[in-house]
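Below are the C-alpha cells for one structure; questions will follow.
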Amino acid sequence: MTKKISGLLAAPFTPMHPDGAINTSKIPAMVDLLVNNGITGIFICGSTGEGPSLTVSERKELAEAFVDAAGKRLKVFVHVGHNSLADARDLAAHAQQTGADFISATPPAYFKISSTDMLVQSLAMIASGAPELPLYYYHIPSLTGVGLDMVDFLEQAGQAIPTLAGIKYTAPFVYEFQSCMNYAGKKYDVLYGSDEMLLSALATGSKGFIGSTYNFIAPLYRELINSFNSGKLEAAQALQLTSVDIVRVINKYGGLRAQKTMMKLIGMDCGPVRLPLRPMDAQETMEMEKDLQQATFFDWASKLDAQPH
Amino acid sequence: MTKKISGLLAAPFTPMHPDGAINTSKIPAMVDLLVNNGITGIFICGSTGEGPSLTVSERKELAEAFVDAAGKRLKVFVHVGHNSLADARDLAAHAQQTGADFISATPPAYFKISSTDMLVQSLAMIASGAPELPLYYYHIPSLTGVGLDMVDFLEQAGQAIPTLAGIKYTAPFVYEFQSCMNYAGKKYDVLYGSDEMLLSALATGSKGFIGSTYNFIAPLYRELINSFNSGKLEAAQALQLTSVDIVRVINKYGGLRAQKTMMKLIGMDCGPVRLPLRPMDAQETMEMEKDLQQATFFDWASKLDAQPH
Amino acid sequence: MTKKISGLLAAPFTPMHPDGAINTSKIPAMVDLLVNNGITGIFICGSTGEGPSLTVSERKELAEAFVDAAGKRLKVFVHVGHNSLADARDLAAHAQQTGADFISATPPAYFKISSTDMLVQSLAMIASGAPELPLYYYHIPSLTGVGLDMVDFLEQAGQAIPTLAGIKYTAPFVYEFQSCMNYAGKKYDVLYGSDEMLLSALATGSKGFIGSTYNFIAPLYRELINSFNSGKLEAAQALQLTSVDIVRVINKYGGLRAQKTMMKLIGMDCGPVRLPLRPMDAQETMEMEKDLQQATFFDWASKLDAQPH
Amino acid sequence: MTKKISGLLAAPFTPMHPDGAINTSKIPAMVDLLVNNGITGIFICGSTGEGPSLTVSERKELAEAFVDAAGKRLKVFVHVGHNSLADARDLAAHAQQTGADFISATPPAYFKISSTDMLVQSLAMIASGAPELPLYYYHIPSLTGVGLDMVDFLEQAGQAIPTLAGIKYTAPFVYEFQSCMNYAGKKYDVLYGSDEMLLSALATGSKGFIGSTYNFIAPLYRELINSFNSGKLEAAQALQLTSVDIVRVINKYGGLRAQKTMMKLIGMDCGPVRLPLRPMDAQETMEMEKDLQQATFFDWASKLDAQPH
C-alpha cells in the first residue's frame, strides 16, 4: 500500500522577471515562506506553475532550484506532463536525477485520449523515465479534457505501472474521489486538488491536499483542518466559506493571473504571468485588492515572518 | 428569511403501466413507503419523475394524486418546469389550487438561457401562476445546459420574484452551494440534490436533501446523517461510500431506468420508464441485482413494512 | 424512392401580439408574402416558429391557420417534436387530420438521446400518430444536443419507420449531408437547413432548402440559385457572401429575436418573441437597421407587393 | 494584398521507425510522391504530422529534411505551434533560418485562449521569431478548443502582426471561411482544410487547400477540381462523394492512425503513429483495406510511379 502524504501541499507559481523570463533567485524565499506557514510539500511546474508554457530546459532549471531550496524540508513533486511524451519522459528522468520525491503528469491533450488503455500506456511511457519515483496521475479534466473514470483507471494502471502511487485529483466529483481513496483497501494515495472544497474532501476522509491558494492563505486552511479535527464544525464551515469568498474574487479577476498577483500583495513578488495568460495591470490590481480586503483575505494571508512550523 | 426544510426529500418515480400510461393507483402505497422510511417531503414530476416526458394533463393528475396521498404527512414540491413557459405557469397555478406546498422549475432548455436576467424573467413568469407558493429554482446544469452563477442569480431573482424561496441545487460544485446557503445572512433555503455527495453537503452545513436514491435506500442516509451528527465520522464515511458504490451500479445500468427497476426489486413495482428512455429487460435486471447485492444494496433498502417514523 | 422537394421553403415566425399571445390573423398575409416571393413550402412551429415555447393547443391552432392560409399553394410541414413524445404523437395526428403535407420532429432533448436505436424508437412513436404523412427527421444538433451519425440513422430508421421520407438537415457538416442525400440510391429526401451555406449544399447536389432567412430575403436566394444553375458562379458567390453578411448582423443582435424584428422592417410585423427569448427594444432595432442597410439587406428583401410567382 | 497560394497542399505524416523514432530517410521519397502526383505545397509538423507529439529538436530535424527534399519544387509551411510560446518562437526562428516558405501556428491549448486579443498577442510573439516569413494562423477548433470569430481575428491581427498572411481554416463553417476570404478586399489568403468539404469551399471561391488525404488520393481531388472548373458539376459531386466515403472509412478506423496506415497500403510505408495515438495492428489493417476497396480508394490512390506533374 502506498504511503499516504498528509497536510497541505502548495503548487508554487513560477517566479518570472517582468519580461517573462524565469527568475529562480526568488525560489529560496518562496520555499521558506511555504515551510514557515506549515506547508508540507510542493508540486512544481503544474497548472499553477504555468508548466505547459515553459520550455523543457526551463522546467529542468526550476526542478533543480526547487529541490535545492526545499532541502528535504518539503516533499517535492515535479510535474512532467507534456504534449510530447518523449519530453515528458525526459523530464521524469531529470526529476529522478535531481532528487525530487515524486513525479506527476497530465496526459497529452492536443490529441485527446479517449480510452483508459491509452491513458495507461501513455503514463507507463512517462513512468519508465523515472523507475525509482512514485507517480501520481494528475487528473484535471477541466484543463485536459480527459475525464475518464478514475476507478477504472486505477484498476488498469495499477497492473501496468509499477510505480503508480495515486492521483492528484482536481475536480469537484467528491464521490469519485472517495471511491478512488477507498479502492482496493486504500491501496493508493489520492490527494485532493480543489481548495474551495477542502472541507468536502476532509469529511470523506482525505488527509492530503494540493492546491494553489495554499501558497498565500495557508493559515486559513490549517485552522480549518484543526477546527474540523477537533469537532468545531461550524468554525470549519466559516473558514471554508471565507476560502470560497476569496476564490470568487480570484475567479472574478481571471484565475491564475489574479493569484500570481496576490503573491505580490502578501509581500512575495513572483512577477507576472507569461503569455498566453494576460498579465494584470495596476488598476485591476487595486480593484482586486479592495475585493480581497472585503473577503478578509489579509487576515488569513501567509506571513513572511512566520516562525518555522 | 425563508423557513428551512430539513431531512430527506425523495423525488418519486412516476408509476406507469407496462404500456407507459401513468398508473396513479400505485401512489398511495409509494407515499406510505416513503413516510414509513423517514422521508419528510417529495418532489414530483422532476427529472426522476420523468416530468419532461409527461403531458400537462398527466402532470396535473399526478400532482393531485400525490398531494392527496401525502395528506399533509409530507411536504409536496411540484416541479412545473416546461419548454413552454405558458405551460409551466399553468402547471404552477394548478399546483397552488391542488394544495401543494411548493413549486420548483427548471428553465426552458430548447432555447438555452444564457443570461441571469432572462432566467429571472422566465422564472418570474412561472411564479406569477402561483403567487401563494414558495418557488425553488431547480438548478441541474447537466440536464438543462444552463450553468449560470447561482450567487448572481439569488441577487437578481431575490428582487424580481417575491415568492423565491431558494434553490434545489443538483451539481457537484459544493463551493457554490455553500455560497448560496450563506448568501444574504442565510436568507434562502438551498437544498442539495446529489445523493452521492450528501456527506460533502452535510459537512458544509446543509440540512435538507432532495434526491432519487432516497426513494429506496432511505435507511442508509438516515443512519449516515445520524452518524455524522453524533460525531461518528468514520461510520458516516463508510455509509457514503456504500451509497457511492450503489450509484456506480446505477450508472452502469443507465441511471434513471435502473433506478426505476430498483423499486421493483424492493417490492414496490412502479413499472417501466417511458420513451425516450430505454426500459430494462429481465436479463439486465438480473445482472444488476447481482451487482446491487455486492454493493450491499439490500441491507440498506427501504422497508415496505417499516413502522411510521 | 421519396419524391424530392425542391426550391426554398421558409420556416415562418409565429405571429404574436405585443403580450406574447399568438395572433393568427397575421397568417394569411404572411403566407401571401412567401408565395409571392417564390417560396415553395413552409415549415411551421419549428425553431424559428418558437415551437418549443408554445402550448400544444397553440401549435394546433397555428397548424390549422397555416394549412388554411396555404390553400395548397405551398407544401406545409408541421413540426411536432416535443419533450413529451405523447404530445408529439398527438400533434402528429392533428397535423394529418388538418391536411398538412408532412410532419417533422426533433428528438426529446431534456433526456438526451445517445443511441440511434432510441432515436429511431422515439420517432417511430411519433410517426404512428400520422401514418399517412411522410416524416422528416429534424436534425439540428446545436439546439437538441443530439448529434448521432445520420447515415447510421437512415439505415436503422428506414427499416423501422414506414413513413420516413428524409431529413431536415441543419448543421454545417456538408459531407454528412452529402452522404445522406446519396444514401441507398438517393432513396431519401434531405433538405438543407443552413441558409448561410446554401451554395455549399447546392454545389454538392441539394435541390431543397428550409430556412429562416427565406422569410425575408427570398429574392437573394432565388437569384443565387439561378446564377449557380446558369453557370454564373461568381455572381452566386457574391450573393452568398451578402447572405453571410446579413447573417452576421443577425447573430450580432441575438439570432431569432433579431430575425423576427426584421419582418417588421420589411413591412410584415409579426410581433415580438416570447420568453425565454429576449424581445428587442427600439434602440437595438435602430442600430440593427443601420447594420442591415450596410449589408444591403433592403436591396434583397422580400417584397410585399411582389406578383404571384 | 497577400499573394494567394493555389492547388492542393498535403500535410505529410511524420515518418517513424517501428519504435516511434523519427525516420527522416523516408522523406525524399515521400516528397517525390507528392510532387509527382500534383501537390503544390506541404504543411509539416501539424496535426497530421503529429507535431504536438514531437520534441522541439525532432521538429527542427524534420523541417530541415523536408525543406531539403522539397528543393523549391514545393512551397513548405512549417507548423510551429506549441503550448510553450517560447518554444513556438524558437521553432519559427529555425524555420526561417532553414529556408522554409511560411510558418503556421495553432494557439497554446492547455490554458485556453478565450479572447481575440490574447490570441493576437500570442501569435505576435511567435511571428517575432521569423520576421521574414509570412504567418498563417492555423484555425482548428475541434483540436485546440479555440473557436473565436475569425473575421474579428483578421481585423485585430492584421494591425498587430506585420507578417500575417492568412489562415489555414480547418472547420466546416464555410460561411465564416467565405467571410475571411473576402475580408478587406480579399487581403488575406485563406486556405481550406476540410478535405471532405473541398467542393463546398471550391464553390464559394477557394483556390488553395491543405489536408491530409491529399497525401494519398491526390488524383481524385485534381480530377474533382478540374471537373468543377470545366462545368462538369455532377462529376465533381461524384468525386467528392467518393472522398466522403473514404473519409468515413478513415473515421471508422480512428482517423490519423488509419491514414498513416493507408500510406503503407499505397506503397509508401511511413511507419506507425506514436503515443498517445494507438498504432493499428495487422487485423485492423486487413479489415480497413477491404472497406477501402469498397470505397474505391485504390482507384484514386496517388501513384508511386506517377510522372512529374
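Chains here go by letter, A, B, C and D, matching the order in which they are written, and residues are numbered from 1 within each.
Operating definition for what follows: a contact is a pair of C-beta atoms (placed from the backbone, for glycine too) under 8 Å apart; a residue touches a chain by one contact, two chains touch by 3 or more.
Chain by chain, the UniProt names read as follows: A, B, C, D = N-acetylneuraminate lyase.
For clarity, every value in this text was computed on a predicted model and none was experimentally measured.
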Set of chains whose contacts include both subunit C and subunit A: B, D
Most widely separated chain from subunit D, with each centre as the mean of CA atoms: B
Centre-of-Cα separation between subunit C and subunit B, whole angstrom: 37
Inter-chain centre distance, subunit B versus subunit D - centres from mean C-alpha coordinates, in Å: 50
Residues within subunit C bordering two or more other chains: none
Pairwise touch network: line, ring, star, complete, or other: ring
Interchain pairs in contact, sorted by label: A-B, A-D, B-C, C-D
Interfacial residue positions of subunit B with respect to subunit C in the complex: 47, 50, 52-56, 58, 82-87, 90, 107-111, 113, 115, 117-119, 121-122, 125, 143-145, 256, 274-278
Footprint of subunit B on subunit A - complex, ascending: 151, 172-175, 178-179, 182, 194, 196-197, 199-205, 228, 231, 233-234, 236-237, 240-241, 244-245, 247-248
